[in-house]
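First chain A sits with chain B, and in the next complex the same chain sits with chain C.
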Partner chain A sequence: MNINANYLAVVFNSTIRMMTPILFVGLGSALCNRVFIFNIGLEGTMLTGAFAAIVANYYTGSIFISLLAAMISAMIVSWIAGIFMVKFKGAMLVVGVSINMLISGLTTFLMQIIFGVKGAYVSTDLVPLHKIDVSMLKQWPILQTMFGSLTYLDFFAFILAIILYFFLFRTVTGFRMRSVGINKVAAQSLGINADRLQIGTVAFSGLLSGIGGCLLTMGGVTMFAQNITAGRGYIAMAAATLGAAHPLGVVAGSAFFGFAQSMANMLQNSSISSQLTMALPYLATILALAIYNFAQIRRHAL
Partner chain B sequence: MNSGTLRKISHFLAPISQPFIAIFLALVVGAIAIIVTGESPFNIYKIMVKGAFGSEYYLLTTLTRATPIIITGLGAAICWSSNYMGIGGEGQMIMGGFLCAVIGFHFPGPQWLKLTCAIIFSLIGSGLYSLFSAWLLDKFKMSLAISTLMLNYAGAYIAMHFVQNVFLDTTGDAKLVQTQMIDESIRLPRIVEGQKLHWGFGIAVLLVILVWFMMNRTVFGYESRMSGFNIHFCDYGGINSKKIMYGMLTLSGVICGLAGVIEVLGVNYRYTHNTYVSASYAWIGLNAALISGYNPIGIFFTSIILAGISTGGAAIARATSVPLEISTIIQGCITLFISARIAIQFRRRSRKLASPAKDGGSSGDILIPETKGEILR
Partner chain C sequence: MRNQSNDVILRMENIVKCYGSLIANDNVSLHLNRGEILAVIGENGAGKTTLMKVLYGLEHPDKGDIYLNEKKIQIHNAAQAIANGIGMVQQHFMLFDPFTVTENIVYGKEPKKGLFFDLKKANQTISELSRKFDLPLNPTTKIQGMPVGLRQRVEILKVLYQNADIIVFDEPTAVLTPQEVHELLNTMKRLAEAGKSIIIVTHKLNEVMEVADRAMVMRLGKHVAYRNIADTSIEELSFLMVGRHLVETEIPEISPGKDILRITDLCLTRDGAVPILDHISIHVNAGEIVGIAGVSGNGQSDLVQCIFGLQKADSGQILVNGKNVFNCPVKEVRHSGMAMIPEDRFIWGSAAQASIAETAIMGHYEKPSFSKKGFLNIRTIREFAGKLVKEFSVKADSIAQKTSSLSGGNAQKLIVAREIRQNTPILIACEPTRGIDIGAIQFVHDCLVEKRSEGAAVLLVSSELSEILKLSDRIYVIYEGKINGEFKRGNVSEEELGLLMVGSKKL
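This part shows the complex of A and B:
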């Protein structure tokens, strides 16, 4: 394992592919944080999107419909969670935990009914997302490695972060959302329908996590496995916290986790035990949050 | 029958009616899922009840399965009731089970010494593991939910690393990542000869009583519940909320670790990677705690019901084409519908504002207080 420019390019490429599913969900989580909702159910809605994408793919073979199915199904599940959190005043952690459990059971249940398999479903009939053609970068093999085998959704994730940045800080709706997050009662007294805004945000965050789930199952190897998200929804929440619920900060946060994940994959070929490298992204999350919070506390203390 | 008696009955039924409504609605959702598979819900639920409580064998299997759920439920209840919402039961249980299996086999000396050290060190280990997230919360204001979740995954992989590379049992099935079996003399004896149920269930019952006593009859339990109600009030009243946090989270880690220890000593006699995760004992235990409103005696019965849904689901999967996960769907739905409890009570109270004492389960909205601010930190 020698470190050279090509190796770094491979790491860069794999970081991008690892980070974009987290980025989509992280953006959703950031929006929820902005309206004062701690949406732990994003793990479950991401799993919903991942599963719905593969089911739609199996029946129609159309990428567009798969993406749409992922978005809509995840949005519906998230909307239900939002209703329970805001309208029925259920404790957010409780609603999130039960949604995650319910979806984990439901996807495995439906996987056995629809595909008739346990554990994982892989098929050559499934259509993966289109890869962007990078042959025009022939002269620069490094760039070709860096941006090879990426999908349009990977690029869209970054564009979306910028769009959401403008949405949150430059539009009226974004302003209202932030005001609800700062003080819900005060916002309501100004005539903002805070409940509807919160539920809408939770539903929208579900839609984003659905895209993330779709990217997870159709971006690289096209397959669905039981609980394929493996805590990525939780990692995305950590990324949103790390990015101070700022869309561009979330990009940095999820880049960090993408890097940790891609290092974990890279190190599997080395002498370090693969189980330890798999623990790496989760431990890195704790370390990064500790450092970030420590800096925050110090700054407030000054 | 006069209205007073009626009111008394409704007063008595109010706190338990909500769980029953939630269970009923969850069964309706489960029935829809069953209809999708093309089976008859009544038939399937009949098999489920029979497979959960139908005979001595099934009943004892359910109780065996309920044991780790009761214990992790108690562990979750004591930290959630004091408003520290850790979801690290799974990692703590793995830590307890893994350490117990390894020390119980590899520690030098006679068997009784192995057993003692295995129990003591695995409980210390899982307690420290939980203490770590308490420390992160205290020193770095890190969201307990996120740190415990991350530690669940990290703990599972680290335990897997040690089992795979250091303590692997190479004699048996090569596919399973598991440690060697502990000696027969230090296993927990069975309660009924020839059945699965072991004395770990007795330990769980004892623990229910102990935790109930601690929460309701000791100063520490009182202070922790008070800090769950209003932490600022507690600090003002001279209760050291930091001490409560460290104490409660460590104790909850020790209890969840004990669930792993009992699984090793009573059921598997070894640590196998992924067994606790795939059975999601700790998550079901947390659900049991939430459903019963952190009441230890409630947790005991709720755990048995939830375990019954699991074993009943297994019976369904054996006999019909309905997948095993029907039980996870029902369990998840119960908790989801329970979470709406607060709203219903809230509405009822606003209607009879004049007589607040008639509000049966008024504890609901205090049990799960709004702590978003602290979590979001």
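This part shows the complex of A and C:
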């Protein structure tokens, strides 16, 4: 029984670590959905954050500056994408995909120039994110396993979800954001600068995805690999959809994918072929979205 | 008569607004006195809405000035108009369906408590406001599912909440039931008495006579006349609008043929509870216009949607020339020989981004004359669209123009033209004259009568009783999803119909 409980605690812990990068990006995606922007560029901005974090860390050795660099760089890229989507009315899908391809190529190229390596860069000189000290939980080893080796950012992701919940549903700015998503023409005719609100939201979602990217490279192992995000931006968008663009719903959606990812990692040690286990999170995404959409269609048909 | 002072609150001088080569407003001037109701009337596309949009900052005039209390002002956007005390209830409501009444009204000027939206205070304010102006509404209900009359009330309260002194209504009565119209006109009078100055754009001259103090007539982008209501008549106003005297539609006597459309025991319930259509049995013969009279919301929209396959009914039979099309897909229903003028021109009738030519064949593009083996025959389509535009005098620059750039009434005319000209044996016409000017109404009526005289079956659904009475050879009254009476032409008065429509038993 004890072994079982311990096993569950390990799964729990790994789920949290897998889900929080997705959660940050998912919250950004949810905000975009609320203002009726389909921001597929989050994959690219997350990668921007991940890369900027490692570069800043490499040069300064400060994790704080590293995080700041991730946030700002991702926000700028996203802000530009937002201008293209809203001001110049570019097709959102095209703008998003362009950003993703550009960043993917650019980071691979810069990695070679700056670190002189191909594929992946790992170094022990890098300073990782601070871990939360759980030594006070000594008496409860299970709890210690559950919450061990988590960073402050992991913890903050959940706080942020709650803050954004209050922001969206209790503040005037949140109210106006939702209104723009529902009926932009009406919002404009009532004197709201809807364009600015949309671009601002896209920029902010970029900032969040930057945090997610930083967590990815500076959380567990401090490393950067070519396209390290590996579709997590897309998965985060799926999490936002599953969570009905509600911050707390996004927590649930991200938890689902975090769990799928951690299961995939665990199964890697088993006899199942690794190609199959690696595909697990993505299969879960497709399956979850299919079921979700099916349920939606059923509900509307009634 | 209200005690209106003659002090001018608003003057618009020599407004010019062009869309490309089209001059929508050509040196238009307007003045509005404090506490008066000014009616702006004119044919479809005369430029009424454009002028109001200029006033509300939604369009920028190419030339011209606006003076508020004799002080020149600049209005670049809606926010500035609102700040200057100008409010507008637009032709198409600007509401957020998932939000509550209060949230919609306080939008843009939300009360705050610290960082947060103070919803409690907002609800309170709105309760008070609705009591003060005698416009009852529950602040916490959602807009979704509200009848049009109430939605409009939300719009009015919104303008009042913004503290507007000048309130513009653009075709406010087009979509209202007679009861709602009556209430609205009373509201407007009350507001004027409370010192608000009101501009109303409308096509209904009897409303103008009832509520307005003065009328401004526009034609082809120019203002052609001002009249004091006390010194004018409906006849004079309509002459000024269309520039000619209208002749009554002649309805020749013909004997109807066999029943082309026969509906038996059509039933529809929603959520398995209340019946929406309750054993409806009606028929329409060849060479007959059959009117369905009813207060809107009594099932007529659902009836039409069920007939046309836009909604699935629970049970019943719909025979077209003896063939059952019950719950068939729309395409099949259309192929069986039915055409329909939908009640909402923008939701059902057209796509805003499509060109006029595209709109002109929408739903009929598979006809052999328009396409062969999946390829569109552009030349015939253009010719056809051009013909419709000319024949129905749709005011447009070219047929390549977007449908959304047409004035409301012109878009309606285009859709009516499309459906009438399909030469189908059955035509379902829902509110075919909604929002079009009296000259065009006359024309559409003539077309419907002509179609019927050629032997087609026409089912007319309209909330305009006068229209039903004038055109129908036979009338069904619908009330709460049931047929509550059937009459031949001339066998029923407007009063009797009115009573049956609100549920009184058969006379």
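One rule holds for everything that comes next: the second predicted complex is superposed on the first by the 299 of 302 C-alpha atoms of A that agree within 3 Å, B and C clash if a C-alpha of one lies under 4 Å from a C-alpha of the other, contacts with A are read in each partner's own complex, and residues count from 1 in each chain.
In the analysis below, contacts are C-beta pairs under 8 Å (C-beta built on N, C-alpha and C of every residue); 3 or more make two chains touch, one makes a residue touch a chain.
Note that this is a predicted model, so its numbers are computed, not measured.
Enquirer: With the two complexes superposed on chain A, say which partner A:Leu106 touches: chain B (first), chain C (second), both, or neither.
Expert: Only chain B; A:Leu106 stays clear of chain C.
Enquirer: Using the superposition on chain A described above, determine whether A:Arg170 touches chain B (first), chain C (second), both, or neither.
Expert: After superposing on A, A:Arg170 lies in contact with chain C but is clear of chain B.
Enquirer: Pick one for A:Met92: touches chain B only (first), chain C only (second), both, or neither.
Expert: first
Enquirer: Give one of first, second, both or neither to describe whether A:Ile286 is in contact with chain B, with chain C, with both, or with none.
Expert: First partner only.
Enquirer: Let me test your reading of the model: by the given contact rule, A:Ser149 touches which partner, first (chain B), second (chain C), both or neither?
Expert: neither
Enquirer: Comparing chain C with chain B, which touches more residues belonging to chain A?
Expert: B
Enquirer: For A:Ser179, select first, second, both or neither according to whether it touches chain B, chain C, the two together, or no partner.
Expert: After superposing on A, A:Ser179 lies in contact with chain C but is clear of chain B.
Enquirer: Determine, under the contact definition given at the top, whether A:Ser189 touches first (chain B), second (chain C), both, or neither.
Expert: A:Ser189: touches chain C, not chain B.
Enquirer: Any idea which chain A residues touch chain C in the complex?
Expert: Interface residues on the chain A side: 166, 170-172, 174-176, 179, 182-183, 185-192, 302.
Enquirer: For a test of understanding, state which residues of chain A touch chain B in their complex under the given definition.
Expert: Interface residues on the chain A side: 33, 36-38, 40, 84, 87-95, 97-106, 108-109, 112-113, 230-231, 234-235, 237-238, 241, 273, 275-276, 278-279, 282-283, 285-286, 289-290, 293-294, 296-297.
Enquirer: Can you name the residues of chain B that touch chain A in the complex?
Expert: 33, 36-37, 85, 87, 136, 139-143, 145-147, 149-154, 157-158, 160-161, 164-165, 280, 283, 286-287, 290, 323, 325-329, 331-336, 338-343, 346, 368, 370, 372, 375-377
Enquirer: Which residues of chain C touch chain A in their complex?
Expert: 58, 77-80, 82, 90, 94-99, 103, 107-108, 110, 112, 115-117, 271
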